[in-house]
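Chain lettering (A, B, C and D) follows the sequence in which the chains are written, and residue indices restart at 1 in each chain.
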Amino acid sequence: MRVSYENKLGSIIFLMVSCLLIVFPLVYEDRNLLIIFTQIFIFAIFAMSYDILLGFTGIISFGHAMFFGIGAYSMSIFMKRFEPEMLYVFLALIVGVFLSAIVSYVVGLLTLRLKTHYYAMLTLALANLFYVGAEKWRSLTEGADGFTFRIPDFLRERVNFYLITLVLMVLVYFALKLFIQSPFGKVLVAIKENEQRTESLGFNILYYKIIASIIAGILASIAGALYAISLRFVNTSVFSIDITLDALLMTIIGGVGTIIGAVIGSGVIEFSHYWLTSLVKLHWIFERWIIFFGILYILTVMFFPKGIVGALTALKRKARHEKKHDQSDKMTG
Amino acid sequence: MTSIIETKNLGISFGNHKAVDQVNFAIDEHQFTSIIGPNGAGKTTLFNLLSGQLKATNGDIFFCGKNITKCSTVERTRLGMGRSFQLTNVFPNLTTLENVRLAVQAQKKIYFQMLKSVFSYKDHSEIAKTILKTTLLVNKDDVLAKNLSHGDKRKLELAMLLALDTKLLLLDEPTAGMSVEDVPAIYEVIERIKEEKTKTILLIEHKMDMIMNLSDRIMVLFNGKLLADGAPKEIIANETVQSAYLGGLYDEYTA
Amino acid sequence: MELFFSLLINGLATGMLIFLLAVGLTLIFGLMSVLNFAHGGLFAWGAYGGVWIYSLTESYMIGVAGAIITGVILGFITEKLIIKPVYGDHVQQILITLGYMLVLGELIKVVFGPNQIAVSPPELLRGSIEIGELLIIKYRAFIIITGIFIFLIVNYILKNTKIGLIVRAGVIDKEMIQALGVNINKVFLYVFMTGAALAALSGMLLAPYAGVIHADMGMEYAILAFVVVVIGGMGNVTGSLLAAALVGISGAFMAYYVPELSLATNMLLMVIVLVFRPKGLFTIRG
Amino acid sequence: MMSTLLKLQQVETYIEEFHILQGISFEARKGEVTVLLGRNGAGKTTTLRTIMGLNKASKGQIFFGNEEIQTLQPYEIANKGMGYVPEDQGIFGELTVEENIKVAMKKDDSQSLERLEWILQIFPDLKKFWQKQSGLLSGGQKQMLSIARAYVKNCELLLIDEPSKGLAPIVVEKVMESIQEMKDKTTIILVEQNFMMASRIGDYFYIVDEGRTVYDGKMQELIGNKELREKHLGIA
């Protein structure tokens, strides 16, 4: 049971780091760092939700921003139209989750039968539809200019919000870990590995894909809502392809199909983003930091398709293997 | 005695080409039947019709007396028809045990459970391990399927089929593409399954010695039609079969 | 009636721009089953490259030539560096080309600056011509004529030249064409470069039509081109022309009468085609 | 003894992990029809595909003339003078008969045109349906088109995979006659399950089993020897 052992090790490290992070704001006061960490937690949730699709079910969606945007707008519009109270925060979350679930169900039902490239194309187009929709429906969204809103005082407190997002991320992490170890999760992996075979075992793969995309959509919408709260501002960019690309970059650079990879990817990207933009003073090229990520991403897909986590486990496995090989060589040689 | 699987005038056409044409047969429970015939005779197509990968253009298929012609692959599997594929068809990045466990899970009808770890289904692992023993895959539980040898992959394929615990097994060339040394092991596995006398087996194969030893009955397909059907000895003696194999006018030179 | 024609011409012009983008996509897919998500990036680069040369030389035609050359060069680089390493792996292709799209867009901002650039048509193509009651904007007519001209050339090449014959045969059976002595990889490179050149040309033609160019302009048109490729059928050039005209014209009419739904109609069309006729509306296969 | 045109030495080929060719060796002599016989799944088609470079040999050598070709790309091998008629004929169905032929001709030089003229004499049907969409041809005509297409391209060695498959007996007869006529012009390797057809036009045969050649000899020898046939080809 080596695989599950490695899994447990990852989870234990994750839990330990999370505990450290809980204590962190109490001992070290740095507003900037707090904000960055909050961002990381939010995007970690978003990236993990994407990993369910890409890493576990083998679905390439280019429209994940759809759900992120739905969550963000639900929250923002509730905060703007109603009082900035916790009750409405919850209501907004529920509405966002509900809407995402419906949208992902309908989209899934229509499109998940399609082949990979058609599906990717269609989701890209649908997300663009939401983007344009948000731009056109100005009475509700105020278009690309967007709008600011107030949030409950409790959430205005940076440390509170930091802790909430951290706890949510940890919860999502463990919930997903459980999810992928469940019989249902195993079927998802089977679908990614070999769709036809999964079907011939008697599993109805369309149901599985739809449920997976609903779960991913719901989590993405929660991430979107948190994102809106953290900015206290929303505009159409939450529906843009860049948001989907963020999720792609994070999961792929971190390592697809590992959950923890999404978290690591989120951390790496947010931190380097922060660091690279701080270098703008040195050279203007750092304003275009996304280029570095784009290139890094392409190289990762080409040469390390399993990302940071994948590369690390491969290294470890190789070391172990070489040991074994040496022994067996001696035996046969 | 009711037969477990029966076809009535079963056929499929691709354009003008009748790949399977008016095939009628009925197979009794626990019988071991082999299907032989030259390339392009329609053997795999017939399997695809039986297992639901292809839809028949005409005729009907009955499974345990029930007309299943319109049922999907999934439904047929759930009714009790399992099939192996000519190409190796396993989950490459899962371990051997996980591969089989998925099939056990399907058999136990655990479809949408998402809040319980698979490790809490101890019985599944137990069943899976027993099957790995039957299929001569002991000590390979932890190996990723893609790292198995070709022969072991074919065994894994059979193991997954067994795990589904279906009444009927459709085996499509279990020894295809195998190095000569690997063949006896597969033969042994199939023989073991046969000896348990709990399954009805339909086999497509080319290795004649294997077919002769295992089969209760042989069906010969030629150009989509059922050319002959009977006990192995009858088939060997059958002149039409001989000439079908050697291409048309075999007698021209023997006469 | 006047309005009708004006909308029709407007739609056709947009349709032609989309068609130029779709030609490359559809042939690249048909030949090597590569779906290039970065095609919109080549389109944007064509616009920037062309406009830059246009502003330097003050000659629109040289600008157009510049756009085409930009497309050819970029096409060459893209095929060699991005597409070739991931032949045959759909998942990688999809992931890589989308990432490459991102890089292309950002590179534009690095090279040409992040702000949008205003472009106006050359002297000769400004204003409009009157035909009876009808007022036709010259530049739109120019786009339509260019589009049809290109379609005829592409069609001629495909139908009447050796290389065209090879491309058509390659779309049908890649393996057999190699067994007949054709180096398919080389053919594919040429097709890819041609597709990139046409995408770049499309971008350059769009620039004075839209009035401004910006680094993210590729995505919107690329999505329309995807729609067109799907509706027209993968690998089908005539199908793409018809589909592009359909999408362009219906877009123009919808934008006038029900502006809120204009984009939704195209999407709906694509969804319907994908769900019910995944091989495309205009594909007849024997 | 005529000179060897093609020679395989211990060639092994995997398709994915399927060990299809397990060390096959044989040779084809100039001007002869060499027939590969054997039951299905024996590796005959893979042998032709490996010669053509469509499947890569993992071990062994293939000599065409004096040259080793197992590492070359399919198009390079084709240009060395190899023509390939695959099992499914590989017709470009949406193209006309003319286009199918033209796509294979390197140039319109006099030599190619001569070859074309000659082959059209053998297959007059093709001339008749010159402008017809090839997907609409009958099975036999498609077979003829495939053979003609492979031949026009200056081919020294023609690889034909089961030309009789799926054809009515009378059409088989016709295709066979034409192949017989081509014997004078080009060397042929023929894969065939239909022994009657193979025995009529073959000069030399190899029996392939389990991805190896297990027996070879003059065709005459096989025709006169029932025991041999039953041992290697029969089902008993």
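We take it that a residue touches a chain if its C-beta (ideal position, glycine included) is under 8 Å from a C-beta of that chain, and two chains touch if they have at least 3 such contacts.
Heads up on the chains, UniProt names are A, C = Branched-chain amino acid transport system permease protein; B = Branched-chain amino acid transport system ATP-binding protein.
These numbers come from a predicted model, not from an experiment.
Path length between chain B and chain C in the touching-chain graph (shortest route): 2. Two chain pairs, C-D and A-B, are weighed by contacting C-beta pairs, with A-B ahead. Seen from the Cα centre of chain C, the chain whose own Cα centre is farthest off is B. With each centre defined as the average position of its C-alpha atoms, the distance from chain A to chain B rounds to 43 Å.
For this pair, chain A with chain D, the centres built from the Cα atoms lie 55 Å apart.
Rounded to whole angstrom units, the spacing between the C-alpha centres of chain B and chain D is 33.
Viewed as a network of touching protein chains, the structure reduces to one closed ring of chains, two contacts apiece.
All chain pairs that count as touching, in label order, are A-B, A-C, B-D, C-D.
For chain C in complex with chain D, the touching residues are 162, 165-166, 168-169, 172-173, 175-184, 285-286. Residues 52, 54, 73-75, 78-79, 84, 86, 90, 92-95, 99-100, 102-104, 106, 133, 135-136, 149-150, 153 of chain D touch chain C in their complex. Here chain C touches chain A in the complex through residues 35, 37, 82, 85-86, 90-96, 98-100, 102-103, 106-107, 109-110, 219-220, 223, 226-227, 230, 259-260, 263-264, 267, 270-271, 274-275, 278, going by the rule given at the top.
Contacts from chain A toward chain B in the complex involve residues 1-4, 178-179, 181-187, 189-190, 193-194, 196-204, 207, 211. On the chain D side of its complex with chain B, the touching residues are 15-20, 22, 39-41, 162, 164-166, 169, 192-199, 210, 223-224, 226, 229, 233-236.
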